[in-house]
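Each remark here refers to the structure printed beneath this line.
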Amino acid sequence: MSSSLRRFLITRFLMTIPMVLIMVSMVFFIMRVLPGDPIRSQLGPKVSEEQADRIRERLGLNDPLPVQYFNYLIDMATLDFGNALTRGERPIKDELGERLPATIELTIPAMLFTSLFGIGMGAFAAKNRKKFIDYSIRVFSVFIYSIPIFFLGLVFQIIFGVRLNLLPLSGRMDSLILANFDSITNFYILDSILTRNWGALKSGALHLIMPSITLGLALTGVFIRLTRVNMIEMLKSDFITAGRARGIPENRLVFKHALRNTFIPIMTLIGLQMAILIAGAVLTETTFSWPGMGRYLVDRIALRDYTAVQSTIAVFAFFVAIISLLMDILYALVDPRIRY
Amino acid sequence: MALEPLVKIRDLSVTYQTRIGPVSAVDHISFDIKKGEILGLVGESGCGKSTLGKALLRMIDPPGEISSGKIIFDNENIMEYDDVQLRDFRGRRVSMIFQDPMTSLNPVQRTDDHLVETIQVHEPQTKKELGLQRAGELIERLGIGADRMISYPHHLSGGMRQRVMTGIGLILNADLIVADEATTSLDVIVEAKLADQLREIREEFGISLLMITHNIALVAEMADRIAVMYAGHMVEIGDIFDVFEKPKHPYTQGLLASIPNIQFNVNEELYKMPGEPPNLTRPPEGCRFHPRCPKAMPICSKKEPSLIEIKKNRFVHCWLYQDHPEKMAK
Amino acid sequence: MNDHREILSEAVPEWQLELDKVGFFRRLLLSRKWFKGDWWFVLISGILLITIITIGIFPQWFAPHDPREEVGPSLLGPGEETPIFLLLIDQSSDATTFADIASVKNKIGYTVGSQSTQAMRNTIDRLNAQAEKEGIDIVYQPRGERFETVEEGLEAVSAGEVDGFISSEEELGEVIAQFDNLIVLEEMRSSKAKSFVLGTNQIGQDIFSRIIWGTRIALIVGLSSAVISFLIGVPLGLFSGFIGGRIDRLLTFFMDSLYTFPGLILAISIAAVLGAGIGNIILAIAVVYIPTYFRIVRGQTLTVKNELFVEAARSLGTKPIEIMTKYVFPNVLPSVVIIFSVNVADAILTEAGLSFIGLGLPPDTPDWGIDLARGQDYLRRAWWLITFPGSMVTLVTLAFSMLGESLSEILNPRLSEL
């Protein structure tokens, strides 16, 4: 690895820290500083004011704000998320530890689907600009983008789950199979291969199909548009014209030269699309009762468990920062011009 | 020096369909490019010279199109080529060098890759090592060290990039190189070096070179013949010395007069041609230069002259040198 | 201004200057021949949007029923007929309409647990309302008599103990065959209408009316939040881009952090903390989109600020405010318009998402997201509960997005061929 690349990677890695810090602080700001008494709404009117106050004391909510902030940061850094407020719940860290792999297992196939489908269609549309196929792809992408993810999921459930009875409607795995399933990493697909539990593999995979395709399709709309716009600009570049002037075939120009150059701005945009990915994950998990972080967030909000909500959002923030970092690293590997 | 024509352009027109109407960027132009000659194509910005250059490779994209004419390259009308023939034609028979070498090279492709790809696209049976060898030889011949073969464009200087571009143009032994403002973005010293190189290449390989530029001084230095364009028309063609000494068309006269010359009296004002280039969606009636022409006659605003050969290899597009029944009418 | 023209005209061909002189709207119209498909998209989405906005402003013209009212039986399919109840009388009776046997002196029989009482009450209400309108001073209020079985009831009618008996066809079943002395006086329905074009939900509300009224909510939330984001983001962007320096860096930093924070999560957090209610939802969504306006406007401001003609103007002594309004703002406007329409589309989606999760509006509101959430449990039995609200969200979002997309193709000269 060249020294400039190494320098870049180190610098970029270090930059992640302030990014995470900012996001986590934002969560704090929103949760603690905005009006509303989380404890009161969590516990309901039946709890006496004294008891509520004791709880507030225990959670440090009566401390001055900077002290709260400081403690909060320490907690986040040591991954001490505390316990859920509802009695008898497990420590939040354990819950999240179980659910993060679930969410990741959902998002990876979705991202693969989107990248392939979305970028491919976008490039194809750019190549055939203003022809019928271009308009069709654009209409398709706007249409897909306009369908709320959860509606899309519900429609799939009706068609493939109820009418055709092909795919399971919810959850990650058949409960019977799940009972005999050893999950080590909590990545069900991986674990089923590791434990050679082929029934589990099949069940897990079947359960994965609808949610990940739903999530993937929902993102595809955005990707098609992004790719198409960038590719159109790219195809106007001088080096593409120069390539054409020396007889390089169109397909090669589009799918090799232009696309490779387009990846670079697209990747930055992919990083920014994380927001949509997470929103999609939250909604998809809710629709398919997928036990991931998104659904956990929604459940906890319904229960007004703000401690858990806060921690979950913080973990999401970590997630975003890590992906962002990975994207930038990939970017540096692909583009020879970028070295800090 | 009677040279054989390599390219015969007859009645070529290029029209752009714009939002406010069709723009005739090149209007019924005919001329020849001879084998082994350096032909300088000059004119103001917007006169259509770049468009003409692109048309030679049939690289006019919508909303523009070649609306009429033939381009006969080595006895074949390339207007009739299909896609496959066209792709073969480009790069192998004719190649183009562009103005900005930074943007004309693929930023994520190495130098050797650029060259080898060009070879393999036209001669798929060529093995990579052989391709690399040919590329290396050519690069060295152009004065770039072999260690630069693995460089990316942004590692090279402006002059080097332009030479790489030239190399790409030469790698398949094209018969004609179209240099579209190839030296405009370079500083004078680098420009001079590149000019020398192009001349050497012409000597050695017998390649024809169409130099499209607005830099008349460069043309004076390098070209054998000069062709002057104005508003989509070819107004004067001839041997370089002949045209410079005795320019016939009023526009050429104005153009040459406006070149700053150190030897002239420093107190003299710089000559500037009055007026502006016309709006090509509504070009003037008759000769397109007549609104600015100091020697305009009544017929000039009514009828368009033709490009006629007033003596051997000397062409002018002007009523001053042609007759027409209406010419004498009031 | 004239000075500027001269500096420019040598660099830019005259016809392009002419094109720039032509304003926003003329360019739009002129571009029809030029842009073919995109132009049609703009037209279609424009018409669609006008229709949607009309529906949103006057839902009462389009919705046949009150969206919150229980107007029909639960889970009735689209177009399915509501069950009919038959009012039976003995053939010896001289009653010709229900009104004849609807006074306080009359007794009408029904079976325990039957829906028929609802049907009767409906008809009674209708009669009373009509009487009031006509000014007739009669109150219809027959007394009801309960029976354990249909048979008993029918016998009672035959015997003259009650003036009439009401039951559904289903309930009457075979039993009615034994009583051929009984005839049908009137057919009644328990619901307000014969059928409901899109069916009813589990509470018995008319889905069609609900989605019509849902348009209003969606538009209010979508447009309000977009307007708020616009009003905050654009001036900040202009200001920040123009001012530059430390203030600019600070603002940009803040906006960037907001921008990279996942949008839905941000909206969820704000909504969760502020609580339910339409104002809070609008605010939560508005905050999410402010950075987008800020970034685009700031970017454009920077670009324009550095352009030669602005430098030229500045060197000629034009005041900064003038520069901002004459040069920067008109250049920025097309992009902002496009962002606005996409913003509204997104806001509507986000609002639906929030309601779906349960964070949105009060549960009784006729909102598409809420309907979708509630319909989830009835996926197998009643597909129409979610299909129509979902399709509406898609349609409205589609209209706004399509407008934004095609406008961007048309108005963005960098992307079009010229």
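Letters A, B and C mark the chains in the order given here, with residues in each chain numbered from 1 onward.
In the analysis below, contacts are C-beta pairs under 8 Å (C-beta built on N, C-alpha and C of every residue); 3 or more make two chains touch, one makes a residue touch a chain.
Just so we're clear, the structure is a prediction, and the values are computed from it rather than from any experiment.
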{"item": "Greatest separation from chain C - chain, by CA centre", "value": "B"}
{"item": "Chain pair with the greatest number of C-beta contact pairs", "value": "A-C"}
{"item": "Inter-chain centre distance, chain A versus chain B - centres from mean C-alpha coordinates, in Å", "value": "54"}
{"item": "Approximate Å spacing (C-alpha centroids) for the pair chain A, chain C", "value": "29"}
{"item": "Geometric centre distance via CA averages, chain C-chain B, whole Å", "value": "61"}
{"item": "Contact set on chain A toward chain C in their complex", "value": "19, 22-23, 26-27, 30-31, 34-36, 38, 41, 130, 135, 138-139, 142-143, 145-151, 154-155, 157-158, 161-162, 169, 225, 229, 232-233, 272, 274-276, 278-279, 282-283, 286-287, 297-298, 301-302, 306, 309, 313, 316-317, 320, 324"}
{"item": "Residue ranges of chain B touching chain A (in the complex, touch as defined)", "value": "57, 59, 86-92, 95-96, 98, 100, 103-109, 117-118, 121-122, 152, 154, 165, 168-169"}
{"item": "Touch list for chain C against partner chain A, complex", "value": "36-37, 257-266, 268-270, 272-275, 345, 349-350, 352-353, 356-359, 372, 375-376, 379-380, 383, 386-387, 390, 393-395, 397-398, 401-402, 405, 414-415"}
{"item": "Residue ranges of chain A in contact with chain B within the complex", "value": "237-239, 241-249, 252, 257, 260-261, 334-337"}
